[in-house]
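Which chain is which? They are A, B and C, in the order written, and residues in each are numbered from 1.
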């Protein structure tokens, strides 16, 4: 008796279980790392997932951590939906951060009612501008956007380094960090005495807008058409190149907002480490969320939980905080595998003799 | 002036070495039809494992061996995801990069802790076949691995165009149905390509930690994996052109290091960014809708 | 004794039963036809024999011995070779490299050595081909010869040919039949998959007919006739859609002058095409696939920019216009590849609205109500078996084609460009599409039909033009066209007089 994987959709009741199954497998795999770090895995997962939500302060901190992730996740999901592989969200985030810093240093004394919207607009435009060269090269010369966006991520880090070691070096401390931005450009807090700031609200609005655009507008339909069937979309008269460009630019802008959010809401100055890879995590989030705005939001908060949790585990049990990165990546890969396997079923292969016997009797 | 050029050429070869290893590794994968974005993470992982094994066993070559094995393991994982399961190759590759990067940093912290002085080992020494000879000595004073890298280029060419294996590899990247219909296992070919490629990528990383630095740092790879991805397109997927592309990038990189010290008026970051920008421009010129293997990015399924 | 014996073969793809307990036997040294309409299960059955599919039930016997064939490797070992409809060749490699793929001895490979070997084999089997040529430079007929050589090089005793004449002109078909006859005399046994009755009656010894996945029967050629076979194939008397009385051509509506275009390899595909399509007529373009039909259709559809020439619709100049301009000008287009016409992952309603979004959008917002109503109307009118919210990929080929038809014809276009409109469709869907095209013609539209199915062109067209290597080599009224005459033109053997009717 032999088994075979056969292509037929899994029963409907199985589907919602897939994220759960993926999670369980992920935690089983990463448990080995916890054991290596001489920590009890169950204790570890408690600190990872439960402890951060167990008190209000820490739960709000999860939301703070999720803020840039919501934005980069939305940015990447938006581009991917149109079939534009924007791997440059990291660089576009930095572009937005640079713009926010410049505005933050320049708009001293301007009322927040004007300054803050300007910060948002400036960051959005900066992200768009950084997303423009790879997008232009793609639609004009068919240069692969994955490579160009990746390379530009590296380039902007050099720009940041230059700024922070040069014209924007903080004169007071002498460290490679920018001076503090003006008080009037700082994002107001959403909840007093917490770190939850306007950026979170902006992120939620962006997610909402993303849902609206993708499902209710012409742009959304043409984007989805271009992403799911570029040839057929072109045949139907859709200007696929222009659609890709639009998607790429908006995606860059959203990532730029993430940069603004971190500068104006959390750090209040520019540092090289303002993003520990949020742009790449955005790709993880977009995939886990199946490019769907609600999914992206849930995935972003969940990853935010993991990021917070990794700090908690580190403090409590001495497990290096990098475990969080490993968990995220493992979750991504396991989910990818599970999504594929959901289209297969295990079937028993009937032997030849049994079949011919059945045929004879028929 | 002469000394400047000689030292520039010598440095170019040195800088190009990990790029040659890495790009040839990616070449195997892409000629077989798989885009392996796990290269950055694999190089990182190779650098770490190589360093760890070398410091644990006091043998640099054992470290290199370990790094290659680590790369092979990474290639196997990519094959499992993209060939057997047929998962989206962009995302699985990036996932592997994230996984291996995190894993390396986690392990490094766990094993070596966070000492004030980062751990280091004595790196590879360079071969010096022409001691004392002007011009020749500085030019030929290279690491053994650099010589190996240069020898690899014609070897890979020969493998690809003058052997049965190479024929199958080229065929499977263009039309896997043809290969399947000829009775050859598409899966096995791609697995082989990815594992061999992964091994090369691991070696690339280890060259940096064992050969140049003698240490493992957060920024040891710093995007070189992505440069390899770009170089493949630039080289039109051809092994010999990979060498020219690696030398070009290496040359620009080595040049900017030298220009920094001459105190030219531009900030030194401009020079750091220069090779990347040059690569982008080169892509725009040369990479225009280039002749990619036709089956690149398409997983193969037989009912 | 039978060299191949397939018993009770069953194969399912999801809900579709492609083969239902089918029996098939092949005698040594015969040419055995496997006949049936599109979708009858012929290709599936043979792909099981070649190991590309695995049967869910049933067994295969080779010269009496039960054999397991789970991969093409197994099949090749067993002496089975297959030439598929879609060639399994690697275009950038040479003929020799393609032939020896997987068959080379040893690790090393010298181009001269393999070219010599392949050249010798080609001579031995009587197959004309240049071992050093690159596949992508060869004509379709030559590529097919390479495929046959591949199978023979691997010592095939059984050769499966899947619709081999679909891509050949009548004269090349004769060459193929002669080659087969020679090979069979030398001991080869051949399975000839086809849906063309006249060919099957010409070259085959026995015929097995499949219908809807089931075996209908196996007969010897001597004991049957075309009419019998047709009845077995479709279960009733075949009839075609009738063209009806010839009509007076109306005003010229679509004029194409001196049209030139390059294909995706940058080579000239259209060379100074001149055509006129009148209102109320069907102008059929006959030709073997690969002679420029695709490029012509693409230019007229607005997805390929011509390099020279003019296209006029009435008073409007549509030269080089893009798809949305052309649609807006009143052209209904049916693409040759369904998957270029609909986006599988979008819903039926979305696909139906996609070509004319301006009508369904207000200030950037989609008017979902209108989209839904539009879909419901078209679904009713065209009898599409689907609901507006179904994902289009769940539809059958025939229903997908109806969606495309609905989108193209809903606005009563002045011109209809139909490219291979019945390719891959079952009998019912084929009749529907052909009937619809005739209705459009009766309504007064100018219909341009590009089809590789000569029978279809002959049945539907009022006038017929032949395209060969990017040029129109003859235009004539349908009454004066015969298959032989068209075959000669299609193979470039002669150029007809253009002055029979002003183009």
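Simple rule for what comes next: a contact is a pair of C-beta atoms (placed from the backbone, for glycine too) under 8 Å apart; a residue touches a chain by one contact, two chains touch by 3 or more.
The shown structure was predicted, so the numbers you read here are calculated from the model rather than taken from an experiment.
For subunit B, the chain with the farthest CA centroid is C.
Of the two chain pairs shown, A-B and B-C, the one joined by more C-beta contacts is A-B. We define each chain's centre as the mean of its Cα atoms; on that basis subunit B and subunit C are separated by 45 Å.
Subunit B has its Cα centroid 27 Å from the Cα centroid of subunit A.
With touch defined as above, residues shared between interfaces to two or more other chains in subunit A number as follows: 7. Taken residue by residue, subunit B touches two or more other chains at 303, whereas all remaining positions touch fewer.
Of all residues in subunit C, none touches two or more other chains.
Those residues of subunit C that touch subunit B in the complex are listed here as 13, 50, 52-53, 71-77, 82, 84, 86, 88-93, 97-98, 100-104, 106-110, 150. Subunit C makes touch with subunit A in their complex at residues 7-8, 10, 14, 21, 54, 56-59, 66, 301-303, 322-324, 327, 333, 335, 339-346, 350, 354-355, 357, 361, 364-366, 368. Contact residues of subunit A toward subunit B in the complex are 7, 33, 36-37, 85, 87, 133, 137, 141-144, 146-148, 150-155, 158-159, 161-162, 165-166, 277, 280, 283-284, 287, 320, 322-326, 328-330, 332-333, 336-337, 339-341.
Listed in rising order, the residues of subunit A touching subunit C in the complex are 4, 7-8, 216-222, 224-225, 228-229, 231-239, 349-350, 352-356, 358-359, 362.
Per the touch definition, subunit B reaches subunit A in the complex via residues 37, 77, 81, 85-88, 90-92, 94-96, 98-99, 101-103, 105-106, 109-110, 222-223, 226-227, 229-230, 233, 267, 269-270, 272-273, 276-277, 279-280, 283-284, 287-289, 301, 303.
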